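Input: one structure, supplied below.
Letters A, B, C, D and E name the chains as they come in the text, with residue numbers starting at 1 for each one.
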Amino acid sequence: QDIKNITLRQFGTGVSNLNDVAKKVKEDLGFTLEMTALDSDSVTQRAATQPDSFDIADIEYWICKKVWPTGNLQAMDTSKIKNYDKIVGIFRSGKLTPESVIAQGTAPHTVGFVEGPDGKTFAKEETGWMTLIPTIYNADTLGIRPDLIGRPIESWAELLNPEFKGKASILDISSIGIMDMAMVCEAMGEIKYVDKGNMTREEIDKTMAIFTEAKKAGQFRAFWKTFDESVNLMASGEVVIQSMWSPAITAVKSRGIPCVYQPLKEGYRSWGGGIGLSKSLTGLPLEAAYEYINWYLSGWVGGYLMRQGYYSAVPETSKDFMTADEWGYWFEGKPAEGDITSPTGDKLAGAGETRDGGDFYERMGRVACWNAVMDENQYMVRKWNEFIAA
Amino acid sequence: MIGWLQAAPLTLVLLAFLLAPIGMIVVVSFWGANEFAIFPDFQFDNYAFLFGSEVTYRVFWATFRYALITWALTLAIGFTVAYFLAFHVRSQTWQIALFLVCTIPFWTSNIIRMISWIPFLGRNGIANQTLIDWGLIDQPLEWLLYSDFSVILAFVHLYTLFMVVPIFNTMMRIDRSLLEAARDGGASGFQTLVHVILPLTKPGIMIGTIFVVTLVMGDFITVRFMSGSQRANVGRLISNDIGLLQYPSAAATAVVLLLTVLIVIGLLLRFVNIRKEL
Amino acid sequence: MRTGNDLELVHLTKRYGETVAVNDLNHVFAPASYVCLLGPSGCGKSSTLRMIAGHESVSDGAILLDKSDISAMPPAQRGTAMMFQNYALFPHLNVRDNVAFSLRMKGVDRETRHRSADELLALVHMTQFAERLPAQLSGGQQQRVALARALIAKPKVLLLDEPLSALDPFLRIRMRAELKRLQRELGIIFLHVTHGQDEALALADEVVVMNNAVIEQAGPPREVWGAPRTEFVARFMGGHNVITFGTGKVAVRADEVRLAETGIPATLTSVEYQGATVAVSARTEAGEEIFAILPEDAYFKSPKSPGEGVTLAWDEGRMHRLQA
Amino acid sequence: MRTGNDLELVHLTKRYGETVAVNDLNHVFAPASYVCLLGPSGCGKSSTLRMIAGHESVSDGAILLDKSDISAMPPAQRGTAMMFQNYALFPHLNVRDNVAFSLRMKGVDRETRHRSADELLALVHMTQFAERLPAQLSGGQQQRVALARALIAKPKVLLLDEPLSALDPFLRIRMRAELKRLQRELGIIFLHVTHGQDEALALADEVVVMNNAVIEQAGPPREVWGAPRTEFVARFMGGHNVITFGTGKVAVRADEVRLAETGIPATLTSVEYQGATVAVSARTEAGEEIFAILPEDAYFKSPKSPGEGVTLAWDEGRMHRLQA
Amino acid sequence: MEKRPFSFYALAAFFALFVLFLYGPTITIGILSFQGPQGGLTFPMRGVSLHWFRDLFQEQAVGDIWGAFGRSLALGLMVMVATVVFSVMAGLAFRKRFLGSGALFYLAITSLVIPSILISLGVGLIFNQLGLKVHWATSGFGSQLTWTLPFGLLIMFAVFNRFDKSFEEAARDQGATSWQTIRHVVLPIIAPSLIGVALFGFTLSYDEFARTLLTAGSYNTLPLEVFGMTTNVTSPVIYALGTLTTIFSFAIIGVFLLSAWVMARRRARRGSDAGRGV
């Protein structure tokens, strides 16, 4: 059987499920990759309940924490991953540099490994069997409209500043939203968390109480759930400050609307995504999947994603697929020398501009917490529902 | 015998895709769940939590409120439109043509249409711009979007036609000479409307009510989009639970919602014999 | 002679786009008369009636009731009332409320209007059905309710559009006696549209025959039937033969034609038994069809069958010259 | 005498739950006869017809056509054909295809069936309308098409349920002549249900009067009209007075009653002009209502109005004793 | 032409406003689909171009519009055919009483009023528990039928309530078998209403979101795809899609009305004696 006849079905959110990737796979590897883009709720559901509907799951690490125990995914043998050694430390030991402190929350490496091919529980350190192969990740912060705010923003606490009444927003995905809330509450000095990624019920209650009060006072214009909504909220001026994702900023900017991904003194909230393989994948398709993963880490995709403002799991391979100027702008935080364009050709920055937040190490080194699933998740979800209904 | 054969496809579809799922939902509502999976069990936790939470009552109330307001508006608009089509548009061809014109927007995906309300109603949207240009307001109206107003606006937009059709259908069955008889009896146009047309249109209104009320009570996507996730109804509660893999909890809420809807509809059905009135 | 409550049509015309449904009618209906408007389908009877009632606008001309022009007034203020062919009873109201409808519209209080309604129900012998819904009544009963409803406003003119056509023949004959009785008791104009000349002859004080949007002939039934002015009226009223002579057309009543020894030879074409009489038709050598109504016993003394030769005869004096 | 194509009902009964719609009918319809089934509403006429046609199951008894029981056969194999009151022409098929429908069902090829259809259309004078849709035809034309369609299967019995009631009075009289002509030409049994005794008298070779689910009287029209067996028949056929004497009831034909100098005193209650005749009714001192049909000129020599006293008389020999 | 009363103009104006309201989003979509290449989903317009229409026919960054469109079309057609066939059969069955007809009727009503997300949830759960694969053509198809069939059935009730039984008796009298009666008489006569059922079935299916949400399997239908696309930067391409859909619907309806008009004309030319006493 020819590997070229194989079709792999991948699903994930629109963030990374790009048709250009599938096209390139066809060119470079010869087999077909079918991409299905879903909203984040559906992604979790698919992964957890419909193992037959996909071969490759493109999900986030915190989702993995929920999905892995269903047994729908199979562990991957790192020895088959060529660039395994070059994957940044965050996804292996948890440390970006040997001296880094591991941030709170569901750090990727804590759910990145299992004991063996059939392992059900996550391992503490590298075992040679990976749950997800890391693909992209980023450090998130608040996006702002500098033109409409007109003053420097330095703290997460500004999100609840009454000055922005009716012009603020956060996202309505509980696992992520609660982390943003925690960043805000901590910055306001209202709560001191033991572990933002694993709150106690009291902490959850307190956090929610603060935000519910703000919501009732009309602080928020809307909540957003999809990437697109956040872009529209910002671009249309409905909202001037909100939690946001990096490419969303890029999208707003590409319309000529000023928008800043504002680094804040309390640090970033980070997230990471990876590729998992369906349990039912065996034989030739499985081989194709490994081939795909190896290709994924070999640089082209990394370059593509980095040019959108994400980071690649194996930055050094991506370098070959980026111009020096691009690499300098995106990775090293240097001022651009010429126009910086997106993979689709839209101009994102002109000469002299620098990326918000500095270079890779500065940004990823200041991560305060990771998107998380906590022990009290169920309780938190119910509280979240109450918050929305309030 | 032949009757059974003819009814078989409908029956099978309904058994497989309606009754079985309902059964499943009822069963699952007693199951347990953890982070990632649901497991067979027999516990009342889901219900206990549901009825124990003050949010449940608030959300059910919000759902009823949406249903009620939407119903009142769709009824007022739907009745007027149906009245116009039935009594003022004379040729059948025109009636059909106008109907079709009303249905065309529904061929564009609901989601696309909902997204497009934002540039219309937003702070800097057409509506606010126009009002400011006309000098009617100085400040943009915030409540045009992401509010109960926008949610209900979208509901009315989506569901008025479901009210128009049955009312129109009933109106077309009213004998025209009754209207002349009313005029002959000295009734003004308005009196004719109140004393003759309205009572005779009741069955259509009932059927339309059934459509609108159930559609609004079961909705989750409109509320989410149009309120900017700031409001909740029962449907959203369920869909949130589903999104977070809390199927048993979703199922319990669903069972309660279903019972509520069925009770409401059961009450409405007492007033109208659907099969006869069509 | 023009007295109080008479109804006059002056150059009354109705056009629907190109069609002229009613063409320049001029007629005075005497007070307290029972008038039957008769004519073939589409001749404009309903249009005339509906213009008088106010359910159709007048294209031209005027309608004078009691000498004042009512043609621009709303139906309820004209002093006319209409009874519809299908009765048009409000299905959601019971009999009493149907009858009391117009009073309710005027804002008359419940008790008063129910009392008035009950009086009218008594008039049409429907008191015991006051609580029923129209769907629970037979055709004849419905008709009486419709009548009561039309009469409650004390109209000066009652307009009836084919009021009997929905009834079966027996009921029809009973109800027409009832109509006649009521008209006598009330002493108002009844303007009754019908297809049936027997109905018109039986009921009317005055028969108005319409054709092609105009009045062809009007007068007491005996005059119209006995002396039809035109061929159309002669044929339409029935019971007449229209025979063409060189000088013009004449009408001969069918019951005046005899089978005799001498007369016009003809071939029998059909025989219809009618009970007391037998209607035979025969074709003359000129190709004209002539009908004869023969007394039953006379015919059956020497019955003939179609195809046989017969001789037709009538008294010269019974021939009646037609104008057109 | 029993010959070939006769139709016999044997203990024919129809029950709908509790209601007995047709109760133990026994009757033989002679071949090639035009039979009218007459009776008040709800007496079971339609039920009888529909059982013969096969559209209603038989509760009890048998239907023999040509001596073989057809009561269990499907409609199309019985040798009967039915013409429906509203004609039931298929609105989506043109006239020719409507007529050819049954041949198409049998799988007859297009050309043959069109040829047969055209023959029948010629028979009913509808050739030129072959391409039209039913909605484009007038009532009378529709009726002819329905007739042609019913006849194409060459039935031995044609069943007609109130075929003329949808037509206006003029058309009705024309179409009944047409029906009679066709029946003569085809020589098959026509079984025609009607409400109207005039229609029955005019058309029928045999009149069958039903009442309360049974046959009250059957026979040639002249016999039924001239010698009604029961009070019901006498009243139903019309034209008769039923008068109670100590010894029983007698019937007197209304046209035999005269206004005379001596006789039974009575008060005139109504006068209906009928054209050639005048129908008057008067109430005797015994409270009985008696009708008289008087020749027009005789009456108008000394016209009377309601309320006046009159004296009624008739020849003793014209009284006819009733059985019930 | 009769002079129209004042109320006619008032109502016509109201109706026009209603149509404008229905078309509000459609018009917004229409305008915004001509955004310049730099423009987004919201006002202001950044130039005017056909860029997004061209873009619509090229591959998108995310998602597969045409694949999803194809699936939605296929699913819509499947649902349409099944709805027509099943509801006609059921409609025929319901003309006589049969054992369980009452229960089946109430089941259909339940199917109509059950919130759609429950069907989605239940069917998803069942397939999951039975180990079956969810696919738009199986579970998705079934779920959508629970929505379109009750509507179809109600329309069939309306149709058969007005259907004159004597047509069938006449056909049987003419020797047609039951199947021939249905094939040659019943179906052609009710055909216009069937077009209505078909259109209805297709529209409901084409726009259905909630019932397919958890039952579509690996591949998205169009509404799901559009929703999925909003997880990345959504461009006015979806507006271009909306505009094309609208134009296409207008075209279909135009053709439909035109052919109806032509047919009426052709008939009129052959003349009519209807209502004339001949």
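Going forward, contacts are C-beta pairs under 8 Å (C-beta built on N, C-alpha and C of every residue); 3 or more make two chains touch, one makes a residue touch a chain.
Predicted model only: the values in this text are computed from it and were never measured.
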{"item": "Joint neighbours of chain B and chain A, given as chain labels", "value": "E"}
{"item": "Geometric centre: closest chain by C-alpha means", "value": "E"}
{"item": "Chain of greatest Cα-centre distance to chain C", "value": "A"}
{"item": "Of B-E and D-E, whichever chain pair has more C-beta contact pairs", "value": "B-E"}
{"item": "Computed distance of Cα centres, chain D from chain C, in Å", "value": "25"}
{"item": "Distance between chain centroids, defined by C-alpha means - chain A, chain C (Å)", "value": "89"}
{"item": "Distance from chain E to chain D - Cα centre to Cα centre, in angstrom", "value": "51"}
{"item": "Chain A-chain E separation of Cα centroids, rounded to whole Å", "value": "39"}
{"item": "In chain A, residues with contacts to at least two other chains", "value": "40, 42, 45, 49, 229, 232, 236"}
{"item": "Touching two or more other chains - residue numbers and ranges from chain C", "value": "40-41"}
{"item": "For chain B, residues that touch 2 or more chains besides their own", "value": "115, 118-119, 122, 124-125, 239, 242"}
{"item": "Footprint of chain E on chain A - complex, ascending", "value": "9, 11, 13-15, 17-20, 23, 34-40, 42, 45, 49-50, 52-54, 226-229, 231-232, 235-236, 247-248, 251, 254-256, 344"}
{"item": "Residues of chain E that touch chain D when the two form their complex", "value": "164, 166-167, 169-177, 180, 184-185, 188-189, 191, 267, 270-278"}
{"item": "Parts of chain E lying in touch with chain B, wherever the complex brings them together", "value": "4-5, 7-8, 11-12, 14-15, 18-19, 21-26, 28-29, 32, 41-43, 82, 85-87, 89-90, 92-94, 96, 98-101, 104-105, 107-119, 121-123, 125-126, 129, 142-143, 145-146, 149, 153-155, 157-158, 161, 178, 199, 203, 206-207, 209-210, 214, 222-223, 226-227, 230, 234, 238-239, 241-242, 245-246, 248-250, 253, 256-257, 260-261"}
{"item": "Of all residues in chain B, those that touch chain C in their complex", "value": "175, 177-178, 180-188, 191, 195-196, 199-200"}
{"item": "Chain D - residues contacting chain C, complex", "value": "40-41, 168-170, 177, 180, 195-198, 201-203, 221-222, 225-226, 237-239, 253-255, 270, 272-276, 279, 293, 296, 300"}
